[in-house]
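Paired with chain B in one complex and with chain C in the other, chain A is shared by the two complexes that follow.
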Partner chain A sequence: MSLFWIVIRQLAEIEEMAVSKKVITREEWEKKLNDVKIRKEDMNKLVMNFLVTEGYVDAAEKFRLESGTEPDIDLATITDRMAVKKAVQCGNVEDAIEKVNDLNPEILDTNPQLFFHLQQQRLIELIRNGKVEEALEFAQEELAPRGEENQSFLEELERTVALLAFEDVSNCPVGELLDVSQRLKTASEVNAAILTSQSHEKDPKLPSLLKMLIWAQNQLDEKAAYPRINDLSTAMLEDPPI
Partner chain B sequence: MNSVTNDINTTTTTNSKSGQDLGLYFLERSRLGSAQGPCDMDEDEEAPTELNTINSSGGFLVVSPDKLSVKYTNVNLHGHDVGVVQANKQAPVKRLVYYFEIFVKDAGTKGQIAIGFTSESFKMRRQPGWEANSCGYHGDDGLLYRGQGKGEPFGPTYTSGDIVGGGINYATQEFFFTKNGAVVGKVNKDMKGPLFPTIAVHSQNEEVLVNFGQKPFAFDLKDFEAQERMKQQMTIEKISLPTNVSHGIVRSYLLHYGYEDTLNSFDMASKSTVPPIYIAQENGSCEQEDIMYALSQRKTLRQLIRNGEIDAALSKLGDWYPQIVQDDKSATCFLLHCQKFIELVRAGALEEAVKYGRMQLAKFFELPEFEDLVKDCVALLAYQQPQESLVGYLLEESQREVVADMVNAMILSTNPNLKDSNSCLHSYLERLLRQLTACCLERRSLNDDQGEAFHLKRVLNSGKKAKC
Partner chain C sequence: MPTSASASPSATASASASSIAIAAGRNHSDLHARLISSDGEVQLKALRELKNRIIGNRTKKLLYIKLGLVPAVADIVASKAETIADHESSLLVQSAAVLGSFACGFDVGVRAVLDAGVFPYLFRLLSHPDEKVVDAGARSLRMIYQSKLAPKYDFLQDKNMDFLVSLLNCENENVTGLGASIIIHSCKSVAEQRALCRAGVLKKLISLLDGSLSQRDASLESLAAIIKNNVEAVSKFVESESTRALSSVIELTKDRYPRTRLLACICLIVIRNTSPCYLQDIGIKTKLVYLLLELHDDPGQVGDEASFAFSSLIAEKEDLQKLAFEANAIDKLYNHLQKGVLHPKRFQGILLALADLCSKLENCRSKFLSLKALNLVTNALNHDSSDVRAAACICLRSVSRSIKNLCAGHFMNEMIVFPLVQLLDDPCTSVQVAALSALGNIVIDFTTHRSAFVQCGGMKQLVQLTKSMDSTVRSNALRALRNLVFLAEKVCKEGIFLELTASSLASLVSDPEPFVQEQALGLIRNLVDGCMNSVEFIFSEDRIILDAVGRQLRNASKAEIGKQGMYVLNNVARGNELHKEAVMHQLIPQTDNGMQSFMIKFLQSNDGQLRTAAVWTVVNLTFPSSPGAFDRLVRLSNAGVVSQIESMANDPCLDVKLRVRTALGQFRTFGIGST
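Right after this comes the complex of A and B.
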């Protein structure tokens, strides 16, 4: 078969697919939606899971009272976890390390990368506060030995120490280390490690479900035209393009 | 001009009618607990349980009385005297994976055993894979045959003592085969329509036992399924979401159902996170503001109903929203009266319950849409321990929740700024979950019903399995 005919055939197939795409009207689709029964109890669990995982401890407690939904984790542990997270976010890394060890010393023992990132964050905070001498001492005594164990740690350490080489750090190539986002990154790493140590999933389920919705709609687009929800934040059903 | 007037007329009628519809919606929900529960729509599909002795090449093979093993008793002479037997049912399709196994008890003189899948009209004297619309993994050469005369290199050979499995992965549209618990290979499933698990024997004394799941498999099917789901999940997780969208959906859920205390804590905490999250300001859509409507009244009523204080709830409702409880024969009043009756039964005040029932519930007996629930309520009186009876669902916390949700929706529907009466019924979260479920179901039905549906319950339980 010549290339020409292959192309013609493929074009025909594409056209056929486009034609055979099923069109579902709003009315038909709404009927299908009404056949779906979502249990209130399950939605409550989903919301509780979000509050707990994201660390909204007061809201989780209130929600337990208002909706009768039991959290899937001891709420007291959230307070501790959030204290650690907050300490990192505010730059009190030493405090955070102590709190993690109070919670469960195994978390840092079994997670050298996390421990390194916390120490690195500590170094960044020293540099931010202009404590040059202290920073150098800390880098040499605490961080350098760890770098010897692991090449990527060493590179990270060198990158961090480079901060000291610039007078105006706001404009230097490694300046992003001083950004709030670096603290947030470290904080969420600790947060995830604590959740994992409590045999809890580190991410809430709701975002995954929202992603699944986007995916499911994309998949269905290949076979049918139907009312979509394009804006998750308004959950508005939009008519299919015809 | 005319059409405009018409439009206005229709709107007013739907509005007054929609109040009743809202109540009926919750009436239906209140009955959900009585049945088995709405979520398991896949379970009704029949799966193979034994071999089909009618549609088999009788004369060449003997199927045992339990219909779970087969033996070739002839001496084979040519390619048209294969002993083939299908399962009694087609492989179920409304799931992620279908799978069955055989145990080769005796490979006979030549070990010409095959396992595979065939269509209903398959010619029952040929090896699966030798004819069109069939696929088979053969023991004597380890080749895979699928409709062409020639086999293709696939896996190892198998013989006496081996356990061999055949499966269909509906997510990837592939057949796969296993030997002694390990996958040996997979191949595109290019056949459509119902497929039957099929086994074949073709030399003297070959004997094969089949396992349709009545005994544990050598292959870890659960783990295989978990890995398949994980693969799909990995693709899905790569999709990015707008910032804070989950946060906004949770917030609107709290607003919708009137969980005011939770909402206040949530807003307080959101402001103090780093960086702070300002949802309301960012997309202060009108609808968001609409569900602020009557928030503290809705909260109060929910609390009363959840505590079983139905009288107090009714009287508050009468003060604040007389239009909701005006019609004593409405679904709303009916559900509230039922709940009051249920609370009396719960408290053990049976005489009072009887009196209340005669006064408030008896009038609903002749109305078809209310009849079932009235009967269930009254039936509570028949049992010494009603919570363990068939109507015990009425005494569960979820029943109070339905009534509280109904009152909440009725109050939302009195909002003069309301544009869509549907929005009283469903939170954003529920709308999104319904859309997700409907998309998955629709996609499956356009794919010859193949694959598993979406179950919120499974997602909710998924983390817990990892613990054990």
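Right after this comes the complex of A and C.
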């Protein structure tokens, strides 16, 4: 009997909580937001950080002139970094490696994993272009010694060389290595390494801020109904369902 | 992965090495010719080609070093270091980059660059007007200073210190980085640490903690070098600018870059280990334990180094070992060990960390054994790397300190003992020493297996190693033998004694190294312990051992030697009249030239155990039922021993007090002594 009442009471409490979820109207919400002050300089810095990290060098230069925001990095280095990134994206890996070495010879000397991935990408490009003999020679000369130094490199090398074994590579288990996404993956790895070598964060700050916004909204959803931003690209406040 | 699959690429690799050699041999004369060409453009192209071939490629570095290309590149730097023409600048940039790459993380390369005599020229590049040349020169020098082979930088010379400070004050990050690398490489002594503090380097480094990523890392590492084991420097650091420096370092343990986190942890550990008065709260201790365990997850160098930092945090510190145990350190380290092929450095580090964890706490050892980690460690005894083999032995030594498991015979099996005995023959001394120390523990409980150990040649090996040129090997071999004869049956003792011979045992007692003497005396003490027959060992070959022991006791410099020697005499003094008289002969020599007996010195020693051993010997010599006891007591009394013992009735050490009481009781039965 008493247990029954406890359960009933708890159910009542839960119901009460659900009902008591606070509702915030659009007016209230906008008023609250208006009270938050954001400095223009901070906004500009975030935009500059985004442009620099993503490598929009012309835009960054223009933005610097128009807004007077100084980038925290020499803009000339962005051009170099972008040239490397572009070279990988176009499949000119050898060219990319030479450019990285000109930029800072330490990067590939102290980053065996990145070096291996670039060489692996070079091998993939050779295979893509049907240069089978050259590919085999390159794998033996450049990649096999790295595989001896590191077990996981060896496994990746085996996976890559397997491309040679299939007639129809587009339909084989390791076919994804030939995808553009593989180039992009390698390009972004080089990009990150160059940024780190320049003591620069490898990711822009804006995405983190937006991630935090989404997380905060999710937290708030449990306690209140309020005008929510559902579409980040428009940042429109949408009325809460009542 | 199937072995056949991994075997094929390595076969192609060796084939490829030879094909590279042929191809490179062909290219080499060409490349070399271009490097020494009189045409700068040709040289520049050759340098770039060489650079792009060797960066990231250890195999090719080695190849081109063997083919003698380093001196050709060094010549370019040497001949152009003073020039400032534009195209010469690019020659300098490229050649410095090539030299830096040869030296990067590769000692053979560092040696080749240093041998080429280019080191001073690289320093000259630092004052070049072209910033790119400065960058390239600083980078190359930094690579060289990251190796042990780099020449030591003498901070104690004023002009060197001024130069270093100018490097640290430079705007160029590569140059400040070089300054930090020099400190990390060369700052070892207290005098050097003091000189650096005096020159304001500490302050400068603290300011670099707010700098860029590379500056922060460089600063953390060099700070650790300057304050390590230097209480004065630590307090200077901690108390600088109202403790801001310390909180910056603590803050950096939360940095997003794993390397920065590791270096910040190492810096805090250095502070703690140097001045135990800082960083004592449980919060920071626990945090360090968790942070370092987490850093093991990094797949690269940081993960490899994390276990060494972890070891330095917990070594010899029971409280931290307990915290680490509670943080599941043993499981976590064991999980890493299980991950298949590990880099030798990481393998070594984890084994040593486990060794430190199991060095004091029984619950750590039980946990270790319950995980079946022992199999992984015994497999490591056969590892290719000598560092890993030695670390595996050290780990076994720690775990085998568990009396409970020793008694259960958990370590006495072929899987462990055979490989350990084999390691006694290891070409590497550090492995031999480590294997001896592990065996030393394991042989203690040999109740049923002693003969197996002897049969597999273990005992003969140990005896052989007592003749090693290396004193640590001798000492460890003696320690193992000492434990082997501990409470052993007579047959076993005889076997060892025959193998060892009285004369070599006597000469080990007189070894030039005190710690060897101590182990030799300890071995003799265990040898003559037990049944009456055992005492006879010491009388063979015209009492050569007994005389050596007596000689050592008369000259004993360390209490530990006196203690072991006295216990030898004490064990002999339990024997028959002949034995007792022989001991008397050592205690009070016939030709008394007025010298005080060492007995008085030992009885007055600060070491309670030494006093115990000395009094105990007197008790054994004056046992009332033995015929010559009265005569001996008179002689001891004349030598001042009796009155000395009488004065010790209220000795602070309980053990001593007990024996003194027995001795005084025996004196009274002969009517000697006051009341």
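A few remarks follow.
In this section, the second predicted complex is superposed on the first by the 227 of 242 C-alpha atoms of A that agree within 3 Å, B and C clash if a C-alpha of one lies under 4 Å from a C-alpha of the other, contacts with A are read in each partner's own complex, and residues count from 1 in each chain.
Just so it is clear, a residue touches a chain if its C-beta (ideal position, glycine included) is under 8 Å from a C-beta of that chain, and two chains touch if they have at least 3 such contacts.
Remember, it's a predicted structure, so these values are computed and weren't measured experimentally.
Aligning the two structures on chain A places chain B and chain C in clashing positions. When both complexes are overlaid on chain A, the residue A:24 reaches chain B alone and has no touch with chain C. Touch criterion met: A:199 reaches chain B and chain C at once.
In the superposition on chain A, A:59 contacts chain B only, with no contact to chain C. Judged by the touch definition given at the top, the superposed model places A:38 against chain B, while chain C stays out of reach. In the superposition on chain A, contact of A:155 is made with chain C only, not with chain B. Of the two partner chains placed by the overlay, only chain C lies in contact with A:112; chain B stays clear of it. By the touch criterion defined above, A:46 reaches chain B but does not reach chain C. In the superposed model, B is the one of chain B and chain C that contacts more residues of chain A. Touch criterion met: A:211 reaches chain B, while chain C stays clear of it.
When both complexes are overlaid on chain A, the residue A:223 reaches chain B alone and has no touch with chain C. With chain A used to align the two structures, chain B clashes with chain C at 278-286, while the other stretches in 8-16, 278-286, 494-502 or 584-592 stay clear. Shared interface residues of chain A, touching chain B in one complex and chain C in the other, are 199. Interface residues of chain A, counted against chain B in their complex, comprise 22, 24, 29, 32-33, 35-43, 45-47, 49-51, 54, 56, 58-59, 61-63, 65-68, 72, 89-90, 180, 183-184, 199-201, 204-217, 219-220, 223-224, 226, 229, 232-235, 237. Residues 97-98, 101, 104-106, 108-113, 115, 139-142, 144-145, 147-149, 151, 154-155, 157-158, 196, 199 of chain A touch chain C in their complex. Across the complex, chain A is touched by residues 1, 5-6, 9-10, 12-13, 15-17, 19-20, 48, 51-52, 55-59, 97, 100-101, 104-105, 139, 143, 173, 212-215, 300, 340-341 of chain C. Of all the residues in chain B, the ones that touch chain A in their complex are 29, 32, 38-39, 233, 235-237, 239, 241-242, 245-250, 253-254, 257, 259-262, 264-266, 268-269, 274-275, 283, 285, 287, 299, 302-303, 306, 397-398, 401-402, 405, 427-443, 446-447, 454, 456-457, 459-460, 462-464, 466-467.
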